[in-house]
Each structure stands twice: as C-alpha cells, then as structure tokens.
Amino acid sequence: MYNNTFGNLFRLTSFGESHGEAVGGVIDGFPSGIPIDTAFIQNELNRRRPGQSQLTTSRKEADQVELLSGVFNGISTGCPIGFIVRNTNQHSTDYDNMKDVFRPSHADYVYMQKYGIRDHRGGGRSSARETIARVVGGALAKLALSRIGISITAYTSQVGPYRLDNDYTKYDFDCIEKNPVRCPDMEIAAQMSEYIHRIKGEGDTIGGCITCVVKGTPIGLGQPVFGKLHAALGHAMLSINAAKGFEYGQGFSNMEQKGSEQNDLFYDNNGVIDVKTNRSGGIQGGISNGKDIYFRVAFKPVATILKEQPTVDIHGKETTLTARGRHDPCVLPRAVPIVEAMTAMTLLDYYLLDKATRL
Amino acid sequence: MYNNTFGNLFRLTSFGESHGEAVGGVIDGFPSGIPIDTAFIQNELNRRRPGQSQLTTSRKEADQVELLSGVFNGISTGCPIGFIVRNTNQHSTDYDNMKDVFRPSHADYVYMQKYGIRDHRGGGRSSARETIARVVGGALAKLALSRIGISITAYTSQVGPYRLDNDYTKYDFDCIEKNPVRCPDMEIAAQMSEYIHRIKGEGDTIGGCITCVVKGTPIGLGQPVFGKLHAALGHAMLSINAAKGFEYGQGFSNMEQKGSEQNDLFYDNNGVIDVKTNRSGGIQGGISNGKDIYFRVAFKPVATILKEQPTVDIHGKETTLTARGRHDPCVLPRAVPIVEAMTAMTLLDYYLLDKATRL
Amino acid sequence: MYNNTFGNLFRLTSFGESHGEAVGGVIDGFPSGIPIDTAFIQNELNRRRPGQSQLTTSRKEADQVELLSGVFNGISTGCPIGFIVRNTNQHSTDYDNMKDVFRPSHADYVYMQKYGIRDHRGGGRSSARETIARVVGGALAKLALSRIGISITAYTSQVGPYRLDNDYTKYDFDCIEKNPVRCPDMEIAAQMSEYIHRIKGEGDTIGGCITCVVKGTPIGLGQPVFGKLHAALGHAMLSINAAKGFEYGQGFSNMEQKGSEQNDLFYDNNGVIDVKTNRSGGIQGGISNGKDIYFRVAFKPVATILKEQPTVDIHGKETTLTARGRHDPCVLPRAVPIVEAMTAMTLLDYYLLDKATRL
Amino acid sequence: MYNNTFGNLFRLTSFGESHGEAVGGVIDGFPSGIPIDTAFIQNELNRRRPGQSQLTTSRKEADQVELLSGVFNGISTGCPIGFIVRNTNQHSTDYDNMKDVFRPSHADYVYMQKYGIRDHRGGGRSSARETIARVVGGALAKLALSRIGISITAYTSQVGPYRLDNDYTKYDFDCIEKNPVRCPDMEIAAQMSEYIHRIKGEGDTIGGCITCVVKGTPIGLGQPVFGKLHAALGHAMLSINAAKGFEYGQGFSNMEQKGSEQNDLFYDNNGVIDVKTNRSGGIQGGISNGKDIYFRVAFKPVATILKEQPTVDIHGKETTLTARGRHDPCVLPRAVPIVEAMTAMTLLDYYLLDKATRL
C-alpha cells in the first residue's frame, strides 16, 4: 500500500497527471459475479466533477469513464478492471507562468527535489485530478459492498468557523445532496455556502472537515495488530490531497472524560449482545464491532489562491506569483465523494481479508 | 502492511501474547553495516516498561531483550534480526474472572467473534505488551537513522484537561525525561502528574495526546499518491493501542485561517530555498520538505478501570465486572517511546523506499 | 507478486482480455530521469506481434501502444506510467462455437469453476494477448537497465526434437533476429522452421525451449532467502502462458557430475576475484555473482489445434470441437521477446531492491 | 514474497544463522480454530534433521521447536505463531579456516559483496539450517490442509545417474519412509544408497531430483496472470538451497510430442466433467483443475566437498581449502520434507487467496 497502489486483496493502482493524456487505473481483486452499474459509476464521478456549482471551480470536465476490461455482459469476471478518463479540458497555458516557479505549500518543490523533474502543468501527478481513479475504484467497491449490506455516507461537517455537532445521529442524511456544500443541515449549509462565496470573492480559500458514517459493517473486519481497521481508514483518508488529520470515535475531543465515562457497556439486547453507547466509533481493538463506524477528516485550505504571493523560482530567486486557472475556494464539497470512495475501498479490502481468518 | 507485519522494505513482524511464553519479532530489511548498541535497545525498552513510576502500573516486567540473529561481531549483517522477550511476571490468575466475561471497550468481544477463540489472559494478543516488539524495532531504526542525522522526540502534550500549546518550539525537550509524565514543561508536568494520581485514586483512567517532532529528515521522503509520508505516519500511529486520532501540521486546528494565512512562503535563505513558516508540518504533497515534521496523536482513557462495571458474559448473560490486576491510570507516559518507535520505523522504511526513485 | 501485479519496487499491473476494448497496464516505481524511447517500445511490441512471419498466426494486430502518463518531455518523471493498446482486429465470431464448450488443456474450464463466469472470446484474460503488457513493461525496464550496462538476449533453443547445445557461448547472437524462429544457429533455425511448417500443415502444434542470457549484471542482486534471484526469475518465467519448466545453470542436466566437477573455482584474475567456470549460471546462494546469468524455459505445444478433438460442453455433455481462428503452430518465436521482458522487469526490480541493502 | 518472508495471506517470516543463537520465525495469517499437534511438527523436523542415517551428515542436532504464541489450549487463535529452535550443537571452530576464505560455489563471496559483512560460521544465513523454519511452517500448513483433504508427498526420484520413471503412479508411496534415501522403489533406493556411500567415501557429493505429488487440491487455486499456481510453486521450490530447476506436468520432457498428443481431453465421467489424462500436471492456465499436481525439482551436488580445492581468500589471494565439518554427501533425502513444506505453505496460501475471489 504505497506509491500508486492502494489495498491488499482489493487493489487500485492509479496513474495520470492533470494535463496528460488521461487519468485511470487498474482495479485488481474485484470479486467475480457482481453486476456493474456503469451509470452509478459515472454518477459518482459527476459528484466529484468540477463545475457542479458556483462553489467549485468553473472548469468543465466531462470525466467520462471507460471501462476497458474485467466486465463481461455487465458482470464482473474476477479479472482486472482497467479504466481511463481522458483529459479533455486542459488549459495548460494557464500554468505557463508556474513552469519555473514553486507555488507556496504545493508539491512543486518537493517533487522537483525528489524526482529531479516535474510535470508543472496543473500540478501534474499531485493534482487533485488524480482522485478520479479513487472515485471509480470506490464506486465499484460500493457496488460490491451494497450486496453485503454496507452503506457509506460522508458529508461536510465543518467549513472554516461553521461547524456541525459531532453527533451525526442528529442530522438528516437525505439533505446532503440537496445543497452544494453537501452538509446535512440545510441552515448551516446555507451559511457555509455564503461564507465560501465570500472567501472566493477575496481570492482566498478555506478548509474544513468531512464526517463519514458507515452502516451495516459486519463484526470482525480489521487485521490486528498493524492492520487495525481504523489505521487502514486513517491511512486511506490521509492519502487524500489536503488532508491534515483523522479521528474516529471520540478522537481528539472529550479529553476530560474518564474511562468510566467513555467505555461502551455491553448489555443483553433481547438475546443479542449489544452496547448501550458507541463512543468507540464502531471499532474496538482495531476490529469492527457491528455498530456504526464514524470518523472525521480535516482538510486544509486549498494552497492555490488568486492573490499575489511571494515565492522563489526554480533557481532559488525570489519572485511573486499570482495563480491563474480555475480553482476551488473550498475543497470540502467535492471531497465528500472521495472520502466515501476511500472508505468503500478500505472496507471491501478488509472484508476480503477477513475471509482468510477461517479455513 | 497488515496483520502483524509493519513496513515495506524495513519490516517488523511481531508475535506474542501478554501471558504466553514470550513476545518478539523479526526485523527484516535492516541495512547491513550498522553498529548495534544493545544497551540502547534495552534502554528504550526500559522507557516503555511498567513500574517505572507511581504513574504507571506496578507490574514489574524485566523485559530483557535477546537478539537471536542478524548481528555479527556487533554489526548488522543485512540478515533478519530475530528477537524475543520472555514473559516472566505473569499473574494469569488475575484474569480468571475475565475468562468468561467481555470487558467493556476492550477487544475481548470482537476477537471472540472474529477468531472464534481468544486467549483471555491479560488481553492476549490485544494487550499493550505487544508494543515491546515495536520498541525493539524502533530502537534499531533509530540506530540507523542517527547515522543519517534524523532524530525523533515525542512527549506528552495533553492529559485530560491539561494541555500544552501546539507550538513545540516553546518547550525544552531536555525536560522530557526529567519527569514521569514525559512532558517538556515541568510545571504542567507536575499538574498532570497530580491529576493522574487523583484519577488513579478514583480507580479511573484518563486519556490525552502525544506530540512528536522529527528533525533532520532529508527532502524527498514520501511515496505519492497512496504512500504519502503523513499517511504512513498516520497508519503507524493509529495502529498503537488506544490511539483515536492523528493530525500533522495544522491538523484539526485553525480552521478559521484562510489559504493566504496558512501557506508557507518560499524565500531565498542565503542561496538556499527555504520557507518562512512550517505550518505544513514538514510534509507537502506527501513528501518531506526538510523542515521539522510534527504531529499529534490522541489516546483514549485506558478501558480497564478498577470500578465495577455492568457487562455481559460469553453467553450473553448480564453480569458485572471489577477488574483486578495492575493497570495504568494513564497510558500517555509509557506511550511516548512507542510513538517514537513507530515514527522511527516509518522514516527508515521511507528512507529506503526513496532510494529506489533513482537508478 | 500475485494476481495481476508483477514485481516489488518496479511493478507492472496489467489488465485486458483478448477481445475486450484494450489491453494495458500501469508501471509503478519506474525510476525518474530515464529517457523514454517510444520507438524502441513499439519495436519490442512488433517483435511479439502476430503475423510477423509464416510461422506465426496470420492475425494482423497493429498493437500500437499509447503511453498515457509518467513521461514528460520524453523523460520519465517517477510517476506511474499508464498505457493501453487497443484491440482492433477482433474476430470474436471465430469463437462463437467455443462459447459453450471447454477447449482441452485450455483455461476455459478452470476459469469457469473459479470465477463462475468467463469471457470466452479468444480465451479472454487467459489469452496470450495479455503478454502485450509484459512486453511494454519489459521494454521500459530494458531502457533503464541499459543505463547500468545490463543486456538481455533470449533465443529459441529447442523446437520439438531440434535442439541447440546448452553452451550458449557457441552461438552468434547476431543471427537471432535474422531468422523467423529466433534461433542463433542459422542451419538449425532452417530445420526448425521447416519442421514448424510441417506441424502447421498437420493442423497441429509443437513446443520447445527458450534460452536467456543476461550480461552485465552487477554483483549482489538477489534477496535471500525467499527472494533468491533465480527464484524470482523462475516465478517470472513460469507465469508466461504455456511455460512448463525453468532451469538455470546446470539445471536438470549433468546429474552424473559430482560436486568436485560442478564447483566454480575462484582464482585471482589480475587482481580481481574471478571464477574459472560459470556452471552456477551467474547466481550463487540466490545472489548474482557478476557472471552471465543463463537459464532455460520449457514451453508446451499450444493447446489450440486445428484438428477435431472430443471434449465436453459447459453442461458436461460430450461433444467435439474443431478450433477456428488464427493460431500459432509454435509459440517459441513470439515468446522470445516475452522471456526477455520478464527478465528485464525482474532484474530492474531486484536492482532497486538491492539499493536498500545499505543506508 | 522476497527477503525473508514467504507467502501472501499465509506468511512465514524466518530468521537465524547456522551458528547463531537460534533459528526461528513467525507464521502470520494461520487460520484460527485449527488443532495444533506439536508432536507432528516435531516429527517433521526430525525428518529434516541431520544424523538420521549414514547417508546424511553425522551432526546431531536436537532441533527442538518451541512455539511461543498463537496457540491457546492446543488450538490456533489466528494470532501470529512465533517459534524458535535453539542452536545447540555448534562446532564453530570447524569453520575457523573458512573465516578468510571464500568456499567455491558457496554464497560466501556474494554475501560479502552484497552486505559488506558475513557470518562465516557454518555459512551463516546461507546455511541449510535456515530450512528448519520452512519445515515448521510447512508442518503447520499441513495441519490446516489435512482438514480440507489436501495431502502432499515428495520423494527422491533421482540421485546422480539413478533415476525413477516420471510416472509417479507406478510407485508405492508407503515405501518412501522405509529407506534412508526416501525413494518409493526399494530396489533403486538400495542402488542410490550404495552410490551415495561411494561418493561420500570419495569425499565428494552428488545431486539429483525430488518429485512431489499433491492430492485432493480443490478446483480453482491459482491467481492469474502473475500468481499462476505453478509459478508460485516454482518460486517456492527454487528458493530452497541448491535447487537448480523446476518443472511440472510434462516439463522439459516429451518435446517431440505434439499438441494433439499432449492435450488432456475432457469427458463425461458419470455426470462429472473429468479428463482422461493428466499431462498438464493438475494445473491449467495457472489454476488447479482438481487432478493430482505433480512436479520435479533439480538439486545440484552440495558445494562443500572434503577434497582440497583451489580458491581465493578475502583479499583475493589464491589459496587452497579443505572443508572440515560434517556435511551431507547428497542433499536429496533431507530435502524431501523441505519440498513438502514449501508445497504445503504455497497451497494453504493459495487456498486462502482463492476465498477472496467471491464475496
């Protein structure tokens, strides 16, 4: 699970730069016999696509996915699923002024140092366009998970100072796709939306948090000690561009609460062992306990701002940079489907890993 | 990097239950030619050992490590380093009352569901005693890293409501090992210490945070897109028992700050490209940029409390449990060397991975 | 190294069925800074292509490769190289009569049993068309290896009863590409060629052996104990369609020779330690010793013959089958570049792995 | 599957040098709920042990295995199984004369070049003593496989010029353990035995072949395209010390036979699809077809001979070497249980991998 491959038994290997020919990937280890709903996959891509609303970049990317293998008569064959999405709306010249300049808090400088070469156009490999492959992989994983009753819902829970309560049960998930911020509280969504517009008007950007909730996970997913389920989820989330933190269950909060206040007590729920609370976040000892899994991911403000910033060029000479191009003032709304995708791939992988526990 | 193996090129595979014969592991991929200071390794184990102070459990565990291979005339040979630490101070009978009972917020229940069998004595494989292998692996990694100038320092930055400032540069790291809490502020350390004693007196437990700072990392460590350095560090930290969250750089904080306030601006530092700030936490685009890497890890309160708790037995019948045995009221002080160990192993692994970037 | 990913640090993940949209793959871990000669890659594909001569199938496949990422201004960037080759010359209807029938000694039956579904057209994933991805990966690996002085040459050393001497030093490698069999002895090549024509005329097929010689390997490649260099080479070769055996050095031959007759004796070659013989095949204890690496791979006759054969249909009912379509009477000539490709990928991977031996 | 870890889901990680403290390993991914018969494991080690007969080295090694974890009340828990075998019969001084000398056709020279250091005592890590860990891993795998009806039998099929017929069905496997050569034909066994004695008397060594037969494999094991079952078996076999070749099914033989003579024809066997012959060796397209899997492994003569040989010292100066110590004149008899062990681990791993094919 390093470089450009994600997962153990279910594995996505992705490729592609922002302004190259195409982005795409190979999904290996996808179970055979799963009906492949291509409209669903395309719809997931559309949720990620720029230009959905005034809150996102105005770039129009068709992002039409083409599945090249691994599906026969609409059913997965167990063979690898290759796919590509052509890059059709490249304004590479937007980036000409960045060719010899390192953008602050971007990957430009470290890519140059690590690889000795970089595709400067649109961030090259470090562009968020890379997440297209994640969304395709996640969409396929969701198709498999739906057959075992696992469902995944993410939403924007914080934008700058606007923040939802940590208790996700308070919110109506049906609202999420009804507003451009993807926030399950319509009122706060409106405030977030207005705030993002203001930030955009300033040529600035803002960060926030996404909350993700998984329902229907069977008991037993997780591979201790180094493959604890939340460690895998944390790895998956932190691999998303701009992610700065991950917490599940109580996370960094409620530090004042003691063990006696945090433990989830078992009880006899009509003949079934159950817990009265779910402060653990659905995972204990690194293994799912059958309750809802929930976690939060922190995202920093997009580094590309439309204000002039001092920086240096590739020769180390000081200069200034004013970004051109079409950029998101806030990454959160479009990151929601990506968080879901990474969650789906992780859970399917761990579902398959768990099967090897027994003969 | 799942089950009981950690790492890609540098790999620790660990084994052992709390009350079994021994815990231990195999370290594979350790570079040849490194002098192995066994006193240093033992000292790292001593930092993790229970019974160091009144703040930790009163169990006395000798935790004497025996290196069985891979070292010849005091030098690493490049061959795998096998090691064991015998379990010598087992009070297995302390756990007899837990044989048929699931401890709340422990791994007992999920292990039973996943594996169909569990070693109930002292938590078996889910016991924190497993971290001995991590500390040995980390000590070896530190010996290698010291030769390339990388140093790692972790400390307790929060215990319950007592919390240090996020800015680590304010603190004197020389203080860390001078107080039993391993906090670099002697005054707050005293408050934390007193607080932990009070919690212990109540038979209760408390959580907190550890901050870790890495100095001397060369530019270029990190394997985008799924092997981003902070994703690997997050995975490593979240794999530690009781960890609930990970953040690096700004993390979950300062959400009100905009891109223009968060970006680290490049400048010409006497002929060397440098940044004026390090809000990114030493990692940009998943690759180290040569600045200090810093991150925080959240730990929940230890689940084992000495108060009576309602629970169920393995047949689902409701009962109560009062833990016996010797337990930590606060895991933080002893988790400091474990956080350092996981950091060291991750960095060595990624240092070796980076070498493959070029021919 | 299982399913559809080959390699550890240098990794090819491939996809594609014979009669699907495309075959292709992703090459990850390719070093940055390598000039990418696309004409060379296409030429390697042309060596593999059907229809090169009367000895191979008359299918005409353009097999035009398109590199989609990972190369910028003609130089590798260290980012994954995605590529596809469209399937343009599909005569899927040739296979209609095989839809419900299991071809003898083909993968049809076991694919159906393992996956519950199969793409019957042209063998689907089990088709030799899959090797296109191997040849692309191998061509890239060769470009990297050429910069460190490693060269790889394979040739047909046996077809049916016609067999070259095991001592490769007897032959002129310049002759290999001068005859359609790819045999370095023009006279035997002519005999083999005539023999294959005769077999083809009978509607039958024939097997044989390929010998491969690697020159210029530095001392030290190989990762004992399970990653011995010859074990990795063996794995690579045996993963090629129709391969039935692998031997290196003395292999299965010369069993009458004793240790005293087989050992390679060291001597002082003008100040450099050298061996007088190379019976070991360039690998000792699983590690390259700097001498030529040589090995042989056995291939069975192609299972598809143009004679009627009894078989069963998917319902288990007995029937007969006469293959249509365009098939190779002898796989050897076209397998030569595939053997080279797998060798190249293995050596580059092990070259990169070896770099982690030292800090 | 490189360095010192073998397998994907079932994984053995081994450690230990010939004259170090111990050899051992960790088995991870062993299914839970399997009764662990320690007497069986010890018996497998005894089959590998030196000093069993006059045909093997006279070294007496107790080779007492100690399981340190992963087993509770005699049942596997699904947690890693750590184990060690202490080295108790070390005559390290036997090797003092080899400290500064490179033994011909041994790993001494390449280890020194690769790692810059080597444990010269008894071959260090490159000693066949390393195979103890393989036999323990294989014994555990056999315990699991026996529950799903898979049985593995290997035997010596060639020693120097003495060779059995390739058709294993001719032989009575009950004879194998009744003679010290482990050959199923008592008459040829006696000839082989006498021949080995003669070779031993000359201070020389001799090689040969081992045949292995697997019965009861379910249809569907194998992970195309790079994880073909025979490729994994080939890798496993070639990783054994002194192995020089691997072939399955027809292998390198019968090259004169055409496709029409080699294909295994399907027929209706009382309502079950079956094949009339098994020339494929139980694997088609890389996937087991439910028939017997059979393969052969070639071993070279042991490099250590008791005759004086010219060589060089570590400074490159020419010298001579006469081995002392206790060495096998023929590795075959003791390699039989090692071939079985590697086969067992491979099959269990692939059985577990196959479970992920379906949801």
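In order of appearance the chains are A, B, C and D, and numbering begins at 1 in each one.
Convention: contacts are C-beta pairs under 8 Å (C-beta built on N, C-alpha and C of every residue); 3 or more make two chains touch, one makes a residue touch a chain.
Note that the structure is a prediction, hence the values are computed from the model and not measured.
Novice: Just to be sure I understand the contacts, which chains border both chain B and chain A?
Specialist: Both chain A and chain B are touched by C, D, going by the contact rule given at the top.
Novice: Enter the angle, 0 to 180° in steps of 5, of the rotation superposing CA atoms of chain C on those of chain D.
Specialist: So the angle, rounded to a multiple of 5, is 180 degrees.
Novice: Approximately how many whole Å separate the CA-defined centres of chain C and chain D?
Specialist: 26
Novice: Chain B to chain C: how many Å between their CA centres?
Specialist: Taking the mean C-alpha position of each chain, the two centres sit 46 Å apart.
Novice: Approximately how many whole Å separate the CA-defined centres of chain B and chain D?
Specialist: 39
Novice: Could you pull out the residues of chain B that touch at least 2 other chains?
Specialist: As it turns out, chain B has residues touching two or more other chains at 3-5, 14, 29, 32-33, 78, 114-116, 125, 224, 353, 357-358.
Novice: Mind listing the chain A positions that touch chain D in their complex?
Specialist: Per the touch definition, chain A meets chain D at residues 9-10, 29, 31-34, 78, 144, 147-148, 351-353, 355-359.
Novice: Going by the contact rule set out above, which residues of chain C touch chain A in the complex?
Specialist: 3-5, 11, 13-17, 20-26, 28-29, 32-33, 66-70, 72, 75-82, 84, 114-119, 124-125
Novice: Show which residues of chain D lie in contact with chain C when the two form their complex.
Specialist: Going through chain D, the ones touching chain C are 1-6, 8, 14, 102, 104-107, 109-111, 113-116, 125-126, 130, 158, 160-161, 163, 199, 202, 204-209, 219-220, 222-228, 230-232, 234-236, 238-239, 241, 244-252, 255-260, 262-268, 271-273, 275, 279-281, 284-289, 296, 298, 300-305, 307, 309-312, 316-318, 353-354, 357-358.
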